[in-house]
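Each structure below appears as structure tokens.
Two complexes come next, and they have one chain in common, chain A, joined by chain B in the first and chain C in the second.
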Partner chain A sequence: MPPAPSAAAGSCALSLGSRFLFGCRVTAAHRFAASPVQPPSPLHQQPHLQPCRQGRRWLRPELRGVYKPRLSPEAMKEFWRLSGIGPDHSRAKAADQQAEVPPEIKRLYQEALPPIVSQDYRDPIVESLHRAEMMRRRRVINIPEFHVGSILAVSVMDKHAPNKVNRFVGLCILRRHTGLFTTFTLRNMVDQVCVQIEYELYSPSIVSIQLLKLERRLDDNLLYLMDAPHSHCTIPFDMVPEPYSRNDPVPVNRERVRLNPPPWMCKWHLHGYQGIDLEHLYSYLSDKDVAKAIEFSKAYKRYDLLDQYLNRVPVPDADYAFKDIFIQHQELLQHQQQQQ
Partner chain B sequence: ASAPALSSQLIVAMATAPHTWLRLVPSCRSYSKATRLYKIDYPWKDEPKPHWVRQFEARRVDADLTPENRDWLRQWRLQRVRDAVASSSEAAAAASPLKEPPAARPLWTPRVSQRCGLVGIKLGILPMWYRNGQKVHTTVVQIPDQRVLRWVPPEDLGNYASLREMRPYRLNQSFLPRWLTQQRWGLQLVGAVPADPANFTAQWCGIFKAAGLPPMRKISRFLVSPDAALQPGACLGLHHFRVGDCVDVVARTVNRGFQGVMERHLMEGGPAAHGSTKFHRKMGSAAGGGGPIYRGKRMPGVMGNRFRAARSLPVLRVNTKHRLLFIKGFTPGPPHSYCQIMDSWMLDVRRSLDANPPPMPTYFAEDAPEGGYPEDVYHPDLLPYDQPLELPD
Partner chain C sequence: LGAALRIQAAVPATGCCVCRNWISTTPRLDYIQRRTRLRVVDNSELGRRAMEAGKPPRVMHVYGKKLKAATGDMVMVAILGQKRRGFIVGARRPEGPLRPQFDSNNLVLLNDEGQPLGNRILAPVPSFLRANRNPKLDYTKLLAIATKFV
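So, the complex of A and B:
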């Protein structure tokens, strides 16, 4: 506590304990106008100074990066170790003692992988909560294994429908996000109108998800079907489900789609799609665009290590996630057997 | 209440004091006659308190220690921190047979009581669904170990907020903040996240020594009414808030770095085409009108990294295993940042708290229900994931 400034002669009872200094008349300005900035306490850090024409100026804390009200990853780990409320590693340890995680787990639980974002935005406790809630939801509804290119029939609750249930059959063209945010998009033709519906995989208003055909395509998404003939995404609503075996590898549909003539919704030649008939596609493009597309498809990204590092889940994190899910999968199977 | 005029003796006192570090800078454009034209600017203006104490210091490399001994000493220090935390916890207090019966707990007084808050660590976001099928995003906040450090009664606020903490509003405007003039509430200092003392300086550890606590990473303060004051060493826990309580979450927003006017102030910029010459994302005119540009003019600069409050967010779920609060909606700040959580100041929440008072002054072990709490406590409107949705017809 600094000593109270001595008041000049007078009866002004200047007690800093109860009164406050506020306002400052312009008359005193000349005393402070050009003073250099020097803190009184030796403990205080020297302000960072920036050279400029008006004299010595100091940088504000946010530009200096001084005040960061965040816990570093090391500080978080120390805090969790001290208090014992950190992420639960018991399931991963139990999975380590068993045989390797079977490949069907990686096919069934693709959304269990952590998101591909900077480490600053990832937290192990939140990711384990997502996985636990995913497995709790799977005790209520059966979510089959499906990929982009598979045909699904989804029933959702709809209070305005005659049976209170609305059923839609479609081709899965997109599957994105991770954890409880996972969504998938089905596309079909209804009365000669293209319809695309995006469903949240873990929404409780979904009554059932039925797999009609298990298949995989050459691409991660089939958005180019928006500019393809409608025959590619016309699926009858009364389609009979085709049997499949979990042990067999997922069949790959290597068909190459011929797009409609331009204009297109997107520059499909610049995204590296393998499921488009490229010769037919290039016939619509100018030489310059074709050269650009061929340059793109030379797959420089195969050799771009940083691109691979940034757009891939780290292998230890992926292994940890699947081990965690594997134990919960076994508990789910036991629960289903008990119910039967 | 309007502030009394400043006496010339006071000005002289300020001028003669060794405050050469104070600097008067031109103020922003004033809208009231009483606003002064100058304000005080000083280097530690935006730094967290206590800025007169350095928290971290460069680690000493002790060449005399072998690595094994260094690790052993670290484990010994961490175990002592754990013991200090455990000995001051509510469970230890409840288990001790020598402890005196607790003093009479204060009653919740409508329109008077303001409880202490909690320090939380924001972890991330988890989506959930209501029983009517509507989706809701919840922020997952972890409540670390925290203890009360100090209580500053309202009468001592003047001594506490001393000249070293000069705030611009005290010299720039006529009106002081109400928590200072009304002296209705006191300051409750709370320390959170105990850590290895070797991380900190001796001065920082000394702050906690007076309260008999291990050193902690974060010190926060809350405005608390005197009837809800807590004494140093008191334990603040997860069940301070119940499922259904509405809270205010105050935190520092994400630092977006140096941004232009279009992102920072949502200005229009210029046309992308039609002959526009080098005017696409600029500010345009600064409206000087021949005179100087007024202070506070919106211009490019660092965006974010400001304290903001998300008001009146209900607590939808409580997880006792990891000590988590699931708060509806989104709170400011990036993951793993500190946030202050307190009873909401919104009027409808205050009225509902009067009808259903929370544990005063905080949660104690005697408030626990029989059989303890389950691992997850849900709000009745929330649908757990292992239950099917049943919509009414």
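So, the complex of A and C:
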């Protein structure tokens, strides 16, 4: 049953008459009158009518002036507390005072870095909310540390599968995007056919992410495996997880892959891959292409200051993001201990 | 040239086809449309003969009032001088999260009634096809002969 309209909203006699003259826009200020959220100052308690070109739909008097929050006030407070950007800004202040974060945080939360876009498209509040949502999701599911070159087993909810769960094992060849929309791609050979599936790391459809082997490669993506022999990405579905220690550095697999003869899906020689056997690769190319590849690999890019500026996250932003995540990481550990 | 080959690339590897280096690289041409050659992945006699002869089927027509076909679409193909219908069970073009992407464009041959010619599909089939959503074709029988869902 809607709450009774307040006296301020009920005395909108002016609005009833004037809606026939021109459309009236009732500003949001008077809608606080009947809501649990108190208006900021007494001046806003009177209804304030502004003429506007588009007439509003006429609401019944008992519905006018009623602000119905979608969440209860308690849930709203809990949301602001977890997001850390509520009126008291407690976590933001704590992050400013935080000392240097341990290096394991940067390994575990690589996607916490803000995106590399121009400042016009970056919003620190949105990024802070994303980080809060990421940590909330991590309370529900364990997301392990992994890099491109690691082997993962992912189970997703699939209503068409017999067990309602669809499990896929594969080598991680790509990690893209930042924040809540981080994705990673797994590649594997199934029945002599190579399959690649992209997963969103924080998707609620994912039931579990299991790390089978922690490893890194020389490149930040392994897209060239599409043109390599299939033995490089064949992983058995019943692979046993290999134990690893958080304190050890991530092992680097320095193998150099020999690609199949061209045609290739991409000009692999022009992207500076370290994980490809370059001598073998150049043997397929003409002298002109080899010269182009070598020209690309010259070190002139390190002097391109604008390139560095555009393609890196500003250090203060990265530091703040990791400090913010570190505080929430400690809360997550406490939460996990309480669960046990 | 030997010494030049040993130069290590000093720039960080970006590696993606769509990258910030502004190198002119054409994107992958991975749409399935007319004249596209597909790979037959069932055990039908016609498909086996065509793939062994090195004459894979070519798309002649895409059903559904569109020019590009994707996983789950029915196409008409020309195979060994015949016209046959086929159903695409895997595409090279990425379709977004949770949808598998294959290294080849996979086709299952159908007869005029829409029933598969072979009795087994040798490649993994995407699980989202189990929703059976093609308005032109009821491919329940096709899902029944699939061996593995991905």
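Keep in mind that, in the parts below, the second predicted complex is superposed on the first by the 243 of 340 C-alpha atoms of A that agree within 3 Å, B and C clash if a C-alpha of one lies under 4 Å from a C-alpha of the other, contacts with A are read in each partner's own complex, and residues count from 1 in each chain.
In this text, a residue touches a chain if its C-beta (ideal position, glycine included) is under 8 Å from a C-beta of that chain, and two chains touch if they have at least 3 such contacts.
This is a predicted model, so every value here is computed, not measured.
J.: Taking the superposition as given, does A:F79 touch the first partner, chain B, the second, chain C, both, or neither?
T.: A:F79: touches chain B, not chain C.
J.: Looking at A:E111 after the superposition, I want to know if it touches chain B, chain C, both of them or none. Which is it: first, second, both, neither?
T.: A:E111: touches no partner chain.
J.: Counting residues of chain A in contact, which comes out ahead: chain B or chain C?
T.: In the superposed model, B touches more residues of chain A.
J.: Could you tell me if A:S203 is touching chain B, chain C, both of them or neither one (first, second, both, neither)?
T.: The answer is both, since A:S203 touches chain B and chain C.
J.: Kindly classify A:D123 by the partners it touches after superposition: chain B alone (first), chain C alone (second), both, or neither?
T.: A:D123: touches chain B, not chain C.
J.: Return first, second, both or neither, reflecting whether A:H160 touches chain B, chain C, both chains, or no partner chain.
T.: The second partner, chain C, only.
J.: Report for A:R136: first if it touches chain B alone, second if chain C alone, otherwise both or neither.
T.: In the superposed model, A:R136 contacts chain B only, not chain C.
J.: Applying the touch criterion given at the start, work out whether A:K298 contacts chain B, chain C, both or neither, answering first, second, both or neither.
T.: So A:K298 only meets chain C here.
J.: When the two structures are overlaid on chain A, which partner does A:L71 contact: first (chain B), second (chain C), both, or neither?
T.: first
J.: Which residues would you name on chain A as touching chain B in one complex and chain C in the other?
T.: In the superposed arrangement, which is not itself an observed complex, chain A uses residues 200, 203, 205 for both chain B and chain C.
J.: For a test of understanding, state which residues of chain A touch chain C in their complex under the given definition.
T.: 156, 158, 160-161, 166, 168, 174, 183, 190-200, 203, 205, 218-221, 223-224, 226, 265-267, 270-274, 278-279, 282, 287, 290, 294, 296-299, 301-302, 310-311
J.: Of all residues in chain B, which touch chain A in the complex?
T.: Listed in rising order, the residues are 3, 5-24, 36-38, 40, 42-44, 46-48, 51-54, 78, 81-82, 85, 121, 123-127, 129, 133, 135, 140, 142, 144-145, 156, 158-159, 162-164, 166, 169-174, 176, 180, 193-196, 203, 217-218, 251-252, 255, 302, 305, 321-324, 333-338, 383-389, 391, 393.
J.: Please name which positions on chain A make contact with chain B in the complex.
T.: Spelled out, the residues of chain A in touch with chain B are 1-2, 5-8, 10, 12, 14, 16-29, 31-33, 35-41, 43-45, 47, 58, 60-63, 66-67, 69-71, 73, 75-76, 78-79, 81-83, 85-86, 88, 120-123, 125-126, 129-130, 133-134, 136-137, 139-141, 157, 159, 164, 180-181, 200, 202-205.
J.: Which residues of chain C touch chain A in their complex?
T.: Residues in contact with chain A: 1, 4-5, 7-17, 19-21, 23, 25, 28, 41, 90, 94, 96-104, 106, 122-124, 127-128, 130-131, 147-150.
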